[in-house]
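Two complexes are shown next, each including chain A; its partner changes from chain B in the first to chain C in the second.
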Partner chain A sequence: MSYANKRPGGRIMPARRLTPHVDPEKQFEKISQAIEEIYKHNASQLSFEELYRTAYGLVLSKNGPMLYSGVKQVLESHLKDRMYQDIYPHIDAAGGRPTSGACEALLASVRLLWSEHVTAMLVIKDVLMYVDKVYVKAAQLPTIYEMGMCVFRDQVLLASNQLLSNKVVDAIMFQILHERVGAGDVNRDTLRGVVNMMIELQDPRQLRPMYDVCVEKRLLAETGVYYADIARMRISEMGAPEYLRVAQANLDTELERAKDYLSPSTTPALTNSVLENLIEAYTLPILKIPNAGLIDMLDQRDTESLYTLYRLYKPFHSSMQVLRTCIYDHTLELGKKIMLGVESSSENTVTGGSPKPATDVSGIAARTAMALRWVQEVLSCYDVYDMLLKQSFADDQDMRNTIKDAFIEIINANARAPELLSLFIDDNLKNGLRRKTEQEIDHLLERCVLMFRFLKNKDTFEHYYKLHLAKRLLFGRSLSDDSEQSLVSKLKVECGSQFTLKLEGMFKDMQLSSDVNRELRESSIGSDLGFDLNVSVLTPTFWPTMASSGASSGPRVIAHETGTDNSGTRGSGNRDANNGTKAPASSGILIPSTGGISTAIEKFTSHYLKFHSGRRLTWQYGMGNADLKVHFRSRTHELNVSTYQMIILMLFVDGEQDISLTAEQIHIQTRIPFEPLARHLQSLACGKYKVLIKTPMSREISPSDVFVFNSGFKSPQYRIRIPVISARNNVETEQEKEASQAAIGQERQYVIEAAVVRIMKTRRQMTHEQLVNETVDQLSARFMASPKMIKSGIEKLIDREYLQRSADDPRLYLYLA
Partner chain B sequence: MAADSTAVRLVSGDGFSFIVDRSVAEQSATIRNMLDMTRSTSLGAGAAMFTEALTSEVTFPEIKGKILEKVCQYLLYKKRFSSEGENIPEFSFDLEISLELLMAADYLDC
Partner chain C sequence: MVIKLTTADGAVIKVEREVIEQSGTVRNILNDVRMTDKPIPLPNVSGPILTKIIQYCQHHKDDASRRQPKPPNYDLENDCSETAVQQAIAKMDDFDRDFCRVDQGTLYDLLLAANFLDIQPLLDLVGYTVASMMKDKSVQEIRDTFHIKNDFTPEEEKRVIKENSWCEN
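So, the complex of A and B:
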């Protein structure tokens, strides 16, 4: 109450008692009797005010200690009586072989006594509030309520050497076990009540709830033993999926039990105790259960069981490690299987073939198909694991890395992976994207980029990709420009613009070329030609050097290629040839004068140089193609042939009738190198469409073979494409592979030297190890640089005086500005 | 007035009766305990109710009517202003009764 001094002069009246003083003993007697009445639920007969006032009076008259200890004694003797009355009979009954019913009776009686005691204490505490407020506080004693709890603990649970406490814990354990083994329902309300009692009461020695000290410890120990037994039995009887499912069900039941009538604080330890015995102790055995272990779950894509597995293993770091190792090993195993499968089936197709499969068309095609299958299968395998990662392993970071590492291993175990991946992309961009939705295409490209990310030798991939892309662009085989561009931009994101610079340059060249061609067509030159001429103007630094071109060009050179479409007709000959391909000025191939091809080349050259003076054009024929109208005896066909084939066919145009030429003669007249010439002759004379007739009729081409035009050629189709071997992208032959390796090796040497110089320029001086490590590190995004190559690079740089060895320390390199 | 509120009678030692709202009376912790009707036991709610709770009447033999009147004023004042942070007017009383008032406050825990 606030106080305001209104009348400073007023006199403070003394407090006087209205009721007479009474003997403290008698006063206490009132309280003592009231407590008994409260226990009997007779509070309504009592006046709260009177009891409160009595306690108030006792405290004010300094009789607090007497009151406090008196109340304690009353409580003690009351509980003692109740023990004899209500509890001991049940203890005796529960002695001997315990039964669920006896345990329930004991627990129920304890719980009833407890709840009555608590209720009474709540009332008593209120009545004696003034004692708590004034006396207990000053004397630093437990409050009345706390004192009441301790009395219960000491008089009931811990009396007679913890007799009841032990019996109660036994009974709780018995009931839990009873429930666990499914022997019948137990009264969970009773258990909950008793457990709550144990939680509320403090252990006298450890200052923790008695539940922690007595119940939880026993519970965890017994749970452990129980599940250790069960696990031992189950592991030999069940497959992993079932084992895991049952383990999860056990865990769920235990947690539900803990939540329902045990303490929430038990949950983590209980989970641990269950899983330690069911899972951790059998980490490896579960995974290795024959015919129903991890491998089988993975192979059957049992996402649900795997998810259970993951959840159960997750709490144990070491188990997770074992799981990851097993998955890693199995993935590698799969990778090997894919590799073996692909190899064995490719051997099957090739076995029995000639010892030189390089020229065996079907052999190469089959091996290419196998290569594509390898990529396809590795990617599908990855799809599966990616799906498992998301659906079963909760996108776990460590698991993701494990899978990633496994695939890096698988992919790089195949030395041809970069080439195969590029081939796979090539095949898809040429054929595979048909019948696919945009999403599927995007997914496919994503996967390709992913595989690319896993490649250690990215520069090798770049080498092949350029090669394959060049063919796609020059032959116009790409199905979708968008997909091409999107793939390049994805690679750019992955590896930076440096990496895709050349690829983008290739696209740019194609764009510029089409502009030039349009200009030409619209000008008078174009219309004079009598046929369509398409020339691709290529910047040599962007494009891979084609094996068939003799012309590697100088710095300023622009190589041209042309594809032409022409529909002229020549009365005299049986066929009309028109079209240009890449024509070389310098490579010495002779263009027959018929058909105006050479004129077209000249005209284009002068037209082009008019706008781009200072450039040099080198004509390349190896990659061009042409559409020819050819008059056969029965009808006219349009043939789509390569430039070389056009040149060959044009030799046969003029003759009155049957010009016959030997391969040797053709070689001399066209100056096409013999090896490509043989290939093209083969496809003209020995393929599905025999435009030329060869004598003798063998597959192999020898210089003395004679060719004549097949005027009796018949085909149901008007338009025919003569397949060109070189136009397809196939797995390289050993020979080509060596050439590629050499080219890549050379390129790497430059890159390494450049990197070494870059590093030394900033660091000025470094030891050999440091320099090698740093170089490997810097280049790891492109390829794995071998220390040997780096060493030779360093030596070359020393020779050229970019670096020098320190005079003091031979292992130290110094940078020379 | 809240729906659950009812009047209770507080009687002084010298026979004065004060009828106040239950929510006002319960501003005193002691009176609140006396009137507690919600104490439940295993036998159901109400079994632990005291006479005062059953009759809604409390007699204070030690408190004079004059003091109890002031106490009632104070309980009302406490209920009215205890939730407000500022602008609380002073509660005034005569200096003469200050000691007895103080004892009553201690007794009633308010």
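So, the complex of A and C:
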């Protein structure tokens, strides 16, 4: 220790013995006593440094093993003594018929011993740190602290065949049950402490915390039993909303408890146990509780309960499936109810099954109203479900699909769905949008497009929509051009531009026509006419054929006119009803040369053909309208009438009063076909505004009925519109429907054949099934093709030598280039 | 703050806390014992040795590597690995080399004190120094250097040489 021995020359001296010879037993005795003091909370009286040095010395003098095992023994005996003193008295009290107080006492005593032990061990571990560093490492023994934990576990918990361990777990379970049934509060601190002890101690055999092995297993088992019992009781007493609410509350409580004094690792298993017993086991019964089940929740729009239901069912895949099935079924039921409701009230107004004549106004109008109602109700129903989806089902994708499927079923179950949807849109675009805000309009149109998406036979819809759109455009009935355009563009997004090509063509025609009209008005011809002439020039490929006009087909351009006639017509003046036909291949209607109408038609035709030579104009008088100033005895009125009505009225324009004509005569003089003639005569003579007087006064028109100009006509308004029935879009009669179906069927045949040829061209050869399936697939975006139609299409193609049957395999088709 | 240490020969040495906390033992004691003004007794370390050690600690007190917060209990050092030792050797500077130019007695005292006080780098340093004294020496040379008595019997010695002959080449 001094450098006194150092000799010059750097000679190295032997090492000195530093540790004095001391009796190891005595040294150990110091340590042993110190441990006792530490347990008595007297650690501060000790000299840490001295103890450390003592331990150090023992290890250096190769007494590590003795020290280690000695310490272990000291701990063991100490704990044994404490056990008998402090804990055993409580064990008996907590056995047998325990009370919460007794359990608490037992757990508290265990906890106290444990926390004292931990505190002591921390100090001991520090004092013996050298031992840990050197001896323990070399001998590969557990550290002092670990050893101390094992001693506690073995001496306290696992002694006497796990006596205390079992008692402790029993007590914990008792307390938890006590809390669950709400019998009273339990001391959560104690529980937390004991549980933490169990978490920290390792099970000797399984290398997992004792908590996992002893506590968790029991806890999960007892939880399962508890909730199974409760569920059995509740399911017969409570309605679904209440059951669900209470279940959710239970779950929350359990989770809160787990967070407070159990291990976080238990939470998933605990959640599962609760939910399995409360919810999964009763998946269907909950939904089917009479008067308080799923259906009632849906009908009452109980979004809160539905949301709870959704949340509780979500973890279980199979339960969600059951839920979705139930909702699907219920939605279908609703759809059926809507159908029945609408049909039954329409049945009441329409009697018998015989085809109604087109003139039965009330029947058709009522049926149309019913149809509109059907669409409206389906859309409302969808709105409700959409709301439920958002508020209660968190926009769950599977649920959304289920509802979508249900609605597809509902909509396509109504065979007239495409027609009805088109009528609905038509009605809105003509009247219904008047009182709606832009947002509402947009929403409504979105919904219509949605319903369109659900339709299986989209080409049918196209057929009707074209028809209705044409009438709207030609009669200027559409409320808002913007809405029309926006709807068409939405449809385009849905189906591609091919679908909307014709519709857009119609709009363009109208646009071009208004340009032509403006041009005409500004030119010299226009000012000469004496009245305003507006001609809509239509391209036939875009526009649907209008049966009512009675015109022949053929030319590429068809024109129809609306005109304002300012000629004052008095009931006097004889004029000849000239043969005023002008345009080639015209409809054969006699246009009166009075009022310059036929001149105007001529002039327009020649003007138009100047710019677009090579085209032919065919005039469709059945679609036009005119504003006519008519002088009655009391005053003049401006009448808005169809072209035909105008032509009819002008027959009565003459110097003479009281021209009377029979229907037959009118028919001969104007050459208007009888069927539309009857309708127009009805509107003039039998409607609200009787401009003509009919004898006899019946509604039906027969050729012998006599008509006279009603110069005594009175009405408060100056300008009156005289509607004709055909101008309104209605639900089709049976005949009309058959005609439409035939047209659509024909169209479909072409499309099918085209598709088949296209497919065969690429594939070269296919079997019959393959071909049919492929075709159905390709066409599914437009309509549902039936295998029969496809088969007949294939036959036709074979006839026309596009395909042939293979010689080897009759089921195989080959493409013929 | 200033810590007081008492050596074996009764001297009281003052040192800055952060300097002496490089010693695991002292750190441990300071954590567990209530802070009083009483000095910490170190009866198996002499004054001069302690002074030298404090010099070492002073020089190395800013070494970043020491600033790793290791719990002293579970810090069973794995620094027996080659790389750790080699790292330590690479970090040795002139101070360290001078530090070790002392006689054997002092070296051993330093070794024991470093072990007791749990100052790993110092332990490595001195250990390395001693080890290099052994390097490339024959058995007899090592015995001479360290004054180790040969307590083998001739037969035993022959046997041991034969058993270990494989690594002699």
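Keep in mind that, in the parts below, the second predicted complex is superposed on the first by the 756 of 817 C-alpha atoms of A that agree within 3 Å, B and C clash if a C-alpha of one lies under 4 Å from a C-alpha of the other, contacts with A are read in each partner's own complex, and residues count from 1 in each chain.
Here, a contact is a pair of C-beta atoms (placed from the backbone, for glycine too) under 8 Å apart; a residue touches a chain by one contact, two chains touch by 3 or more.
None of these values were measured; they are calculated from a predicted model.
After overlaying the two complexes on the shared chain, residue contacts for A:K30 are found with neither chain B nor chain C. In the superposed pair of complexes, A:V123 makes contact with chain B and with chain C alike. When the two complexes are overlaid on their common chain A, residue A:R521 makes contact with neither chain B nor chain C. In the superposed pair of complexes, A:E49 makes contact with chain B and with chain C alike. Contact with chain C, but none with chain B, is seen for A:D132 once the two complexes are overlaid on the shared chain. Look at A:I38: by the touch rule set out above, it reaches chain B but stays clear of chain C. Contacts of A:S115 after superposition on the shared chain: chain B is touched, whereas chain C is not.
Of the two partner chains, chain C is the only one that A:T143 touches; chain B does not reach it.
According to the touch criterion, the shared surface of chain A, contacted by chain B in one complex and chain C in the other, consists of residues 1-3, 5-6, 10, 12-15, 18-19, 44, 47-49, 52-53, 56, 123, 126-127, 129-130, 133. The part of chain B that touches chain A in the complex is made up of residues 13-14, 29-30, 33-34, 36, 39-43, 47-54, 58-64, 74, 90-103, 105, 107, 109-110. Partner chain B is touched in their complex by these residues of chain A: 1-8, 10-15, 17-19, 38, 41, 43-49, 52-53, 56, 112, 115-116, 119-120, 122-123, 126-127, 129-130, 133. Those residues of chain A whose C-beta lies close enough to touch chain C in the complex are 1-3, 5-6, 10, 12-16, 18-19, 44, 47-50, 52-53, 56-57, 123, 125-127, 129-130, 132-133, 136-137, 143, 145.
Of all residues in chain C, only 8-9, 24-25, 28-29, 31-34, 40-44, 46, 48-49, 72-77, 103-106, 108-109, 112, 116, 118, 145-147 touch chain A in the complex they form.
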